[in-house]
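One chain, subunit A, links the two complexes that follow: it is found with subunit B in the first and with subunit C in the second.
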Partner chain A sequence: MTLERNILLALLAGAALLPFAVSDQYILHLAIMALFYAVLASSLNLVVGYVGEFSLGHTAFLGTGAYTAALLSTQAGMPMWVTIPLAGLVSAVFGFAIGAITLRLQGPYFVIVTLSFAEVLRIIANNWIAVTNGPMGLAGVGQNLFGDVAVTDKAGFFLIVLGIAAVALYLSYRFVYSNAGRAAVAVRENRYVAQSIGVDPFGTAMQAFVLGAFLAGLAGGFYAHYISFVGPEVFRFAFMATMIIMVLLGGKGTLIGPLAGAVIVTVLEEYLREMQELRLTLFGLIVMAIVLFLPNGLMGFIAQRREQQAAKPTLNAAKERTV
Partner chain B sequence: MTATTDRQPLLRADELTMTFGGITAVKDFSFHIEPGEIVGLIGPNGAGKTTCFNMLTGFYAPSNGRVRFKGQDITNRKPHAIARLGLVRSFQKTNVMKRLTVFENVLTGHYMASRQSLLATFFPGEAVRRAEREARESAAAIVETMGLAQRMNAPAHLLSCGELRLLEVAVALAAKPSLLMLDEPAAGLNSHEAGTFGAVLKTLVGRSIDALLIVEHNMDLVMSVSDRIVVLNFGRKLAEGRPAEILENRQVAEAYLGKAAA
Partner chain C sequence: MDLFPQFLANGLVMGVFYALSALGLTLIFGLMRVVNFAHGEFYMLGGVSGWFVTNYLGLDFFSGLIVVAAFMAAVGWLVDRFLIERVRGQGEEPGILLTIGLSIFLVNGTLLLVGPAPMKVAGAVAEGPLFFGPIAVTKLRLLAVAVGIALIVGAHLLIRRTRLGAAMRATFQDPMAASLAGIRTGHVYAATFALGCTLAALSGMLLASIYSAQASVGGLISLKSFVVVILGGMGSFAGAIAGGLLLGVAEAMWGGYVSMGMVDVIGFVLVILILLFRPQGLFSIRTERA
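Moving on to the complex of A and B:
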């Protein structure tokens, strides 16, 4: 717990220095995308790792956030410090509505229904031309942070997304290590025990689900401003696949796992870009290898190693006792 | 027992009936538990004991009949709502959170004592920190009481069968129940372990809990801990009385062993 917190604090502090040490715009862009994905993966992790159900519809909240920020910016000219938090709140409201329906379901039913919600939102974004501008999307999303102060360089965007990541990690950390987070783990591990100690499975799942939606909405809002364009493809499955890979690779149910997954996948995707057609194939193979050999992700692997290390001395002690 | 009849029992079940399709698992079953009592619920396999447990704790909605706990009608309430009133159960098939450590399991059991608002979750103040400290201290104390201190930080999946049973009771105790209901807590324990377990159970009533209902097949254990025993057979109440009376009851012996050849 404290170890995890200290690692996270050290990472954040280190990351804050990055834009002062690196001036290469391409590397800064990669770092921004890595942090954006880190927020997304952390938010999905709250659902997969702490509700214990696999959501395939998490893009619903990314897209809702992105469209909210884009509309507030293009229609009302609002600056980022207003649009991004509102994007999170609107997504949280969507999360509450969608969760009220889907969290009554479990297993494959939950997967299918969450997926269909994302798909419904994509179709709406594609066809409600009066508001969303249909397939053309919303272009020219403003890049001003406060009033007229515009963010002009990548270093500025990096610091903003770093701030969002810090908020996301703080909220996740507080949730995971609170009584509510323990209740969520109890529901995930054993629904019956959870109920018998007074945990309401539905209410607890809802908290994690809405928090996940809120964080995904923040990420979506940031994305709209950074790319300066939002189209229906924010709801597409490609984002979902990337998020899932990050969470699985890093290790679900841990805080650092999705972070590590986001960084590795972002960098890996860029390296494999040179391979052109083979890129996705190679990527698929790497992912398969990870799922086969590291079923609990990288953090799970590390935790397992530590557990084995810790178990060894007690085994030896036990042997000595019997002698 | 006569002195307590004018008082309200802690738990009272009236004519509970549970049918699954055409099968009647429990029929018109009535019984009660007084504060301070340890009640044993016994009966041959399939007699309906676990079904009773599920009806009392809200996991099944009874087809007919009422359950009253501390004077409140709790029939058809949700399991977590019943648990919050102080009626906490364990499960026949050992149910713990296997991937968490012993301490984490018991700490999680303190959920009700540490419930807090969403705002306090994200911005914990002194009250939350104090509740957290108290929960941790209490969890450590409960682990100690149940004799699991040496296994405090072991993941639950590494525990032996007997230790798992103790852990299950520890998790239930962590929820600070008024009435604790244990479903076959000694299954899989050897006679020595069962003896120790029984001794631990006896110390709980009056100290940590108000009353205990125990379903158990280990007759030595049930007879030694129970103040009163209720016998179920084919979903109906066959007998009720002190352990010595039950041991001499002809019908009970027949239910377990079959009729003697004439």
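Moving on to the complex of A and C:
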């Protein structure tokens, strides 16, 4: 617990120095996208890793946040410090409504019904032209932070997304190590035992779900301002697939895992870009390889190695004694 | 009101293909419990390989259909033996991720090999409408529907009347007891997966003879097949057929009377309502709750 906290603090401090050390715009862009995905993956991890249900509809909250921020900015001209928190709040409200329906279901039913909600929102975004401008999307989302102060360079955006990531990790950390978080883990491990000692599975799952939706909404709001364009593709399954791969590659149910997954996948996708058309084909193969050979993600792999290391000396000592 | 019978006929035609594809998924998802996101890609591969055998190898439609069925059964068998088998019994998550990876691989591999252009499977009969009172249906559609229905009946007979079908039913009732009775359950799982994969592929090839096959079509088909399986009830054969027809007709009515753009939303709204009010599906015999 303290190790995890210290690693997270060290990572955040190291990341805060990055824009002063690196001036390459391309690397900064990659770092921004990695942090954006880190927030998304952490928010999905709250549902997948701590509630233990597999949500495929997390793009619903990303998209809601992105459209909220884009609409507030283009229609009302609001600056970022208003739109991004509001994007999170609107997503949290959606999370509450969708969670109230979907969290009654489990297993494959939960998977399909969350996916259905994301698809319904995508189709609405694609067809409700009066508000969302349909497939053309909302372009020209403003980039002003307070009033007329605009963020002009990548370093500024990096610090903003770092701030959002810090908030996301702080809230996740507080949730995971609170009574509610421990209750959620108890439900994940054994629903009936948890119920028998008075844990309300629906209530704890709801807290994690709404918090996840809030964080995904923040990420979506940031995305709208950074890219300066929002279209129905924010609801697409491709985003969802990327998020899942990050969470499971890093290791679900840990706070550091999704961060590591986000960084690795962002860099890997960029690196594979050199392969041109082969890129996504290889990506698919890599995903399959991860499931088959790294079933608990990187953090699971590291934990396993540490256990083996710890077990070795005692094993050797036992051998010597028998000799 | 005058167009109503025509919409109904169009909906039923589409429904037969939804049903055929969903029958494949009800075996894989409903019985084997693999949340198979590559199902639409099997459908797509059926269309693309159908195009390949009819246009490049110059086979006629029916021998092409047999070649595609054999090929896709082999693909399904291999996918199960080499991929799905390794995550069996570990819950849904590894299966979901594995099939997402597989579908990314299949879509982009296909795009790489044949490109994004639509591909037309050479049909068995000439285009040309037939009129039944107020309804117009092309001969091609009528033939494809007839073949689709024949395949559904064939699959039903396979499951109900053959030794393999009996082994399947035994395995999905109780895998432990089945293997104690000498059934090689590993083979049964692979055969079930191969059958599901083949049904999706043949649905894809039949529909590609009416419209055309495209490498990127799979995602939506996967989702619609899931919708149909949940509408009909997990693992229910009759339910998948009824659910498919229901979805086809509902989409045709909505497209005809309300709006064409939102047509794909119907399935998802239906599935949300079903899971809220009747989670065991419309036609499920077992009262398995979500």
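The rule is short, and it goes like this: the second predicted complex is superposed on the first by the 310 of 323 C-alpha atoms of A that agree within 3 Å, B and C clash if a C-alpha of one lies under 4 Å from a C-alpha of the other, contacts with A are read in each partner's own complex, and residues count from 1 in each chain.
In this text, a residue touches a chain if its C-beta (ideal position, glycine included) is under 8 Å from a C-beta of that chain, and two chains touch if they have at least 3 such contacts.
Here the structure is a predicted model, which means the values were calculated and not measured.
Student: With the two structures overlaid on subunit A, would subunit B and subunit C clash, or do they fit side by side?
Tutor: fit
Student: Figure out whether A:278 sits in contact with subunit B (first) or subunit C (second), or with both, or with neither.
Tutor: It touches subunit C, and subunit B stays clear.
Student: Subunit A residues in contact: does subunit B have more, or subunit C?
Tutor: Subunit A has more residues touched by C than by the other partner.
Student: Based on the superposed arrangement, let me know which partner A:4 touches: subunit B (first), subunit C (second), both, or neither?
Tutor: A:4 contacts neither subunit B nor subunit C.
Student: After superposition on the shared chain, which partner residues are touched by A:270: those of subunit B (first), subunit C (second), both, or neither?
Tutor: neither
Student: What is the contact status of A:127 with respect to subunit B (first) and subunit C (second): first, second, both, or neither?
Tutor: Touch status of A:127: second partner only.
Student: Regarding the shared-chain residue A:233, is it in contact with subunit B (first), subunit C (second), both, or neither?
Tutor: neither
Student: Figure out whether A:190 sits in contact with subunit B (first) or subunit C (second), or with both, or with neither.
Tutor: first
Student: After the superposition, what is the least C-alpha distance between subunit B and subunit C in whole angstrom?
Tutor: Value for subunit B versus subunit C, nearest C-alpha atoms: 12 Å.
Student: If you look only at subunit C, which of its residues touch subunit A in the complex?
Tutor: 29, 33, 35, 83, 86-87, 90, 92-94, 96-98, 100-109, 111-112, 219, 223, 226-227, 230, 234, 259, 261-262, 264-265, 268-269, 271-272, 275-276, 279, 290
Student: Mind pulling up the subunit B residues that touch subunit A in the complex?
Tutor: Contact set of subunit B toward subunit A: 57, 59, 78-81, 83-84, 88-91, 95-100, 104, 107-112, 114-116, 118, 121-124, 128, 131-132, 135, 155, 171-172, 174-175.
Student: Touching subunit B in the complex: which residues of subunit A?
Tutor: Result: residues 170-171, 174-175, 178-183, 185-186, 189-190, 192-201, 207, 307 of subunit A touch subunit B.
Student: Residue numbers of subunit A touching subunit C in their complex, please.
Tutor: My answer: residues 48, 54, 56, 101, 104-113, 115-117, 119-120, 123-124, 126-127, 237, 241, 244-245, 248, 277-281, 283-288, 290-292, 295.
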